[in-house]
Amino acid sequence: MTFNTFGKIFSYTSFGESHGKAIGVVVDGVPAGLKLGEEDIQKDLDRRRPGQSEVTTQRQEDDKVEILSGVFEGKTTGMPVALIIFNKDAQSKDYSSIKDLYRPGHADYTYQQKFGIRDYKGGGRSSARETAMRVAVGAIAKKFLKEKGVSIFGFTREVAGIRAEKIDLKVIENNSVRAPDLQAAKEMEKVILAAKENGDSVGGIVEVVAKGVPVGLGEPIYYKLDSKLAEALMSINAVKGVEIGSGFSSTKMKGSEHNDEPYIVKGKVKFKTNNAGGIIGGISNGDDVVARIAIKPASSIVKEQKTVDRKGKSLKVSVAGRHDPCLCPRAVPVAEAMMAIVLMDMYLIAKTRKI
Amino acid sequence: MTFNTFGKIFSYTSFGESHGKAIGVVVDGVPAGLKLGEEDIQKDLDRRRPGQSEVTTQRQEDDKVEILSGVFEGKTTGMPVALIIFNKDAQSKDYSSIKDLYRPGHADYTYQQKFGIRDYKGGGRSSARETAMRVAVGAIAKKFLKEKGVSIFGFTREVAGIRAEKIDLKVIENNSVRAPDLQAAKEMEKVILAAKENGDSVGGIVEVVAKGVPVGLGEPIYYKLDSKLAEALMSINAVKGVEIGSGFSSTKMKGSEHNDEPYIVKGKVKFKTNNAGGIIGGISNGDDVVARIAIKPASSIVKEQKTVDRKGKSLKVSVAGRHDPCLCPRAVPVAEAMMAIVLMDMYLIAKTRKI
Amino acid sequence: MTFNTFGKIFSYTSFGESHGKAIGVVVDGVPAGLKLGEEDIQKDLDRRRPGQSEVTTQRQEDDKVEILSGVFEGKTTGMPVALIIFNKDAQSKDYSSIKDLYRPGHADYTYQQKFGIRDYKGGGRSSARETAMRVAVGAIAKKFLKEKGVSIFGFTREVAGIRAEKIDLKVIENNSVRAPDLQAAKEMEKVILAAKENGDSVGGIVEVVAKGVPVGLGEPIYYKLDSKLAEALMSINAVKGVEIGSGFSSTKMKGSEHNDEPYIVKGKVKFKTNNAGGIIGGISNGDDVVARIAIKPASSIVKEQKTVDRKGKSLKVSVAGRHDPCLCPRAVPVAEAMMAIVLMDMYLIAKTRKI
Amino acid sequence: MTFNTFGKIFSYTSFGESHGKAIGVVVDGVPAGLKLGEEDIQKDLDRRRPGQSEVTTQRQEDDKVEILSGVFEGKTTGMPVALIIFNKDAQSKDYSSIKDLYRPGHADYTYQQKFGIRDYKGGGRSSARETAMRVAVGAIAKKFLKEKGVSIFGFTREVAGIRAEKIDLKVIENNSVRAPDLQAAKEMEKVILAAKENGDSVGGIVEVVAKGVPVGLGEPIYYKLDSKLAEALMSINAVKGVEIGSGFSSTKMKGSEHNDEPYIVKGKVKFKTNNAGGIIGGISNGDDVVARIAIKPASSIVKEQKTVDRKGKSLKVSVAGRHDPCLCPRAVPVAEAMMAIVLMDMYLIAKTRKI
């Protein structure tokens, strides 16, 4: 627990800074007997890693994960699974110019004020590099959930107001923005590259969906599926909003429109619509679990901005370097991971709730 | 901990069903020496209690709170503060007709499936009656925070798309919808009463703001101020979305617009804008902490709806009774409470983070 | 969680002071579907309550427990089970003389120094009155465990060095000290009454045993069955030591003597001896789980003692009133309760540990 | 949290198996600003490492610790401190003969039954090799506590019934058993070597003392200093009992003897005796905190023993190899570490308990 741990039964504790020796994670509560290899994890890490396309950062990290414990003869043993990625592209440059600088939109100021000290190299612990470990943990959760019939996928729903209206799962991994709509993808890519060209960045919306979730995951009142998803997703860097199902659009609906009508199919309860986003009263109802996150435009931009430094001096800054002009494409696997982690934890907990 | 507890150092565990004997809460981690009386708590409970106006439910509960422990000679002792409210308006009616019914939009189905048993009286534990205890705990947190210079207020920002554009704090408690804009309040009231007339309900947006929050509350990476706020607010009944600061609107902004420009006033760092909603990297930056929640239209409506029951029978239902046609006015003190609880917990934790 | 909660999945949070309005507890994580009534709980409370015999305190409390939530039509619903006992024999006397007094062996001094304030009536929260709630929670755990084939019993093993050598379960509840050996019981009673006569008190050892515990309860490395038992038992008032199985006597044995020899009976592993106390590597091995606790002589004695008060004045004190001259008889159900609570929590957790 | 984490604010999560790639730990809640280097940690690891003398195992591990995160320019940053030790002397031998064997006194059987799979190499996760990480974490806690005026030391109090009667701190690190009494040390060494010669092992008692602990550490009712010490110490491999202060000897005392008499020195409360072991009501009273642990004779012995294997076959086994004939000397730094960890956590928590 404390501050770098997430989850109750299936839980993990991450560590490491952007430009430190390594980043890593200890995953606890993994049930014994799950087949697991480094390749299971690497697959998703490759979807998050930098340098995938022109719309992502050019930082060079191959992000090769290593399993240090908890797996024996190809299966989990019930012991903590520790994972590590050694940082390659780190500590090479001279940081003296940014040492005292408060980059606009970054956590430099709050970390410095709170702790009186901060690792200023590449943002230290506040860097989104930490999300690699979320993806790694999420890969374990996905593997587990798959055995239980649950699958998870995410995609970029909007970039700079451009919306993917069609949902074609097959195309998601075939375009640089991970949109499920090739037409929208092209426009999104265009607006991202235009921003990049201009030394600027754009925001967007990522959507995550879990299919095959059994009825009954989530616990009243303070371990609800939706509230834990909200926490999990809001903890991702650059996220400013989370919604479930109808989300903010529900506020413009009538009760008679919003209530999902239950009906019976082969003796089972189904719902005509899914405004609930698969969750009622904090508990999964068997429908798709649907969440959406608002991702702000990346704070690191080349465009010159005014700011101040630690000594109270005003100055101008251009955050040069290799940054993502739009965070959505690489946020997709991270959001999937967080949903998988929450669902796996809820799944295990649900086993304890009936006599 | 487990399932009905929220918070790490300042934490609470609530209990009770809508039509059971009592609802209550045990508040732990309250520092010793805080002046506290029942009147401190009652004040906020009166803002949440049913029957306040035509736009809220007419259920009759005076919601008189009693302190059972943890306060001695007018001050907290550091021991758990237990609070109780005995239910008055309960168990009076005949429930046989709704015993097996799955009310649309309600947790009847998910509770039944998950637990194999449920208290069907007034929604049991899934009823928003539990939020009375949040308000009670929040009142303690507000009292504590006030001594530290932090004040919290909430209001109805939107109802059915009608938006309060002006923020006049003085008028919030003077109109039935708790809007900060009297003109908008009138329109909101109108639309709510029209829905009510029509046996229907409407949704809306509630906004909460904390002023005077010191820099440094919130912990990287999994006890962030924003992620814990998201969890806290999403756990409130009927909430479908949470946003911080710019929220979903950030997704249409450029990085150069969104980054709040830091500048120096009397040696202190201030920000030209507050898109961050007072939080950077999960840590408060000294600006107002701002959160907004999407509240779906109430599920309980008189209008006839199709549904099914536990035996798989299709039927029609009109959820008669005393229900809120719009949940926003009474959600305002609940949302304030959750923000206060999170901030107090973070405040206490922050005391442990520097040598 | 925080400070007044115990357990991970099956957990409880207690509240209340010795002479306050009430003592109570919220029990969370109770699986749905367990038959439960107040009588199930009262039974064990009656074994702990004051005034049972000459060797226990004469305080008058009938300790009638009331279930406030979480039980519906005779069964648990999976919601928190709140229990309350209103204090009867409280607040009647004048406390001005003991207000500032530090009674020797009591927590008066440490509470005052730590919190700067304390409820001095009957010891406030530090009173062993809190253990009534442990017994109540333990009764729920015992009911659950009984359905799983696990039974728990405790007894007074030693008083003032007098040891029960015979273990005859039938006689335990038939003598005032709860010893399993009637001959020893008589001597124990004599030594207790002699101490009482003399205004003094004596200590002793209580033993608790769980039979029928399945193999596999307890989690490596920091949720071991033995370490959690140690915590649970050491948290009981007046306990100064805890041992499992061979305990301190193991320190005088050879490895070749101490190792319990495994052998096979009907295809199952059994052990020739039980020095392990039913636990190896923190996990139950199917044998009886055996724990013993050292209980110091009660601190409240009539015999005059030197002490100091809050103002630093030296004085003499005789702790008059109705106190237990030996805590063992009433500690037996408390120790049983703590073992039951730990085992039930471990039982539920074990359900989540294999795929 | 989950299963491999200990502590609330200052907490750690350990991982790794005896003969796996590495063992490690993530230490969370370390306050920012503490000077920390690998040498601070190595010092204590060297006191625990194998191969120190004839009375300890001859396994060859230099146990060089590496800091992976959370320290920047020689100081902690408030971020998690990850530590790692790569295993050197591992995986070299052929394990096929012990693969299915249940070594008497070891966790082989319980792990196998519980998880259905186990890493049988060197005991896997159940090996005391994990305690190296406790020592590493303890070194951080000791460093912190030292700045607060708290010092911790441990020693071997008894081996096979031979008791160190004198406490001379200077000699502890100068004899192979870490006894504080050179005369007793010689006898202890003799009895250990005799057991070793005979292919057997002996048990003993380790004592740990903290000096300079401020009044007020520990929280009522379920985060007591003594109950958390009991948990912490009982979780160490081979520990069968824990006692605080007078411990089991209290059971033979009268209340009038056992109560420590308070008196005033320079306006401060002191105690004439320390039967309390520095803790009253779960809270430190300013006196030395004293704990003792019973350590069973090591289970790994060369002497031939009967046992069974996974297939239910009876057989005889001689646990050859490099094992400790007495665990006490190497348990000393582990016990010190656990006490330091508990005290540091309590110290930080205490900061949050008064307004």
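First chain written, first letter: the chains are A, B, C and D, and each begins at residue 1.
What we mean here is this: a contact is a pair of C-beta atoms (placed from the backbone, for glycine too) under 8 Å apart; a residue touches a chain by one contact, two chains touch by 3 or more.
Just so you know, these numbers come straight off a predicted model, no measurement behind them.
Visitor: More contacting C-beta pairs: C-D or A-C?
Guide: Per the contact counts, C-D leads.
Visitor: Please decide if copies chain A and chain D contact each other with the same set of residue positions, more than half shared, or with different positions, and reply same or different.
Guide: Same, since most residue numbers here occur in both copies.
Visitor: Give, as an integer number of Å, the spacing between the C-alpha centres of chain D and chain A.
Guide: Here the centre of chain D sits 39 Å away from the centre of chain A.
Visitor: Approximately how many whole Å separate the CA-defined centres of chain A and chain C?
Guide: Their C-alpha centroids are separated by 46 Å.
Visitor: As a quick test, compute the distance in whole Å between the mean CA positions of chain C and chain D.
Guide: Distance between chain centres, rounded to whole Å: 26 Å.
Visitor: Touching two or more other chains, which residues of chain B qualify?
Guide: 1-5, 8-9, 14, 29, 32-33, 78-79, 114-116, 125, 220, 353-354, in rising order.
Visitor: If each chain is a dot and touching chains are joined, what shape do you get: line, ring, star, complete or other?
Guide: Shape = complete; every chain linked to every other.
Visitor: Quick one: which bits of chain A touch chain C in the complex? Just the residue numbers, please.
Guide: For this pair, the touching residues of chain A are 9, 29, 31-34, 76, 78-79, 144, 147, 220, 348-349, 351-355.
Visitor: Which chain C residues qualify as touching chain D in the complex?
Guide: The contact residues of chain C facing chain D are 1-6, 8, 14, 102, 104-107, 109-111, 113-116, 125-126, 130, 158, 160-161, 195, 200-205, 215-216, 218-224, 226-235, 239-248, 250-264, 267, 269, 275-277, 280-285, 294-301, 303, 305-308, 312, 314, 350, 353-354.
Visitor: Report the residues of chain A in contact with chain D in the complex, numbered from low to high.
Guide: Listed in rising order, the residues are 1-5, 7-11, 13-17, 20-24, 26, 28-29, 32-33, 66, 68-70, 72-73, 75, 77-82, 114-119, 124-125.
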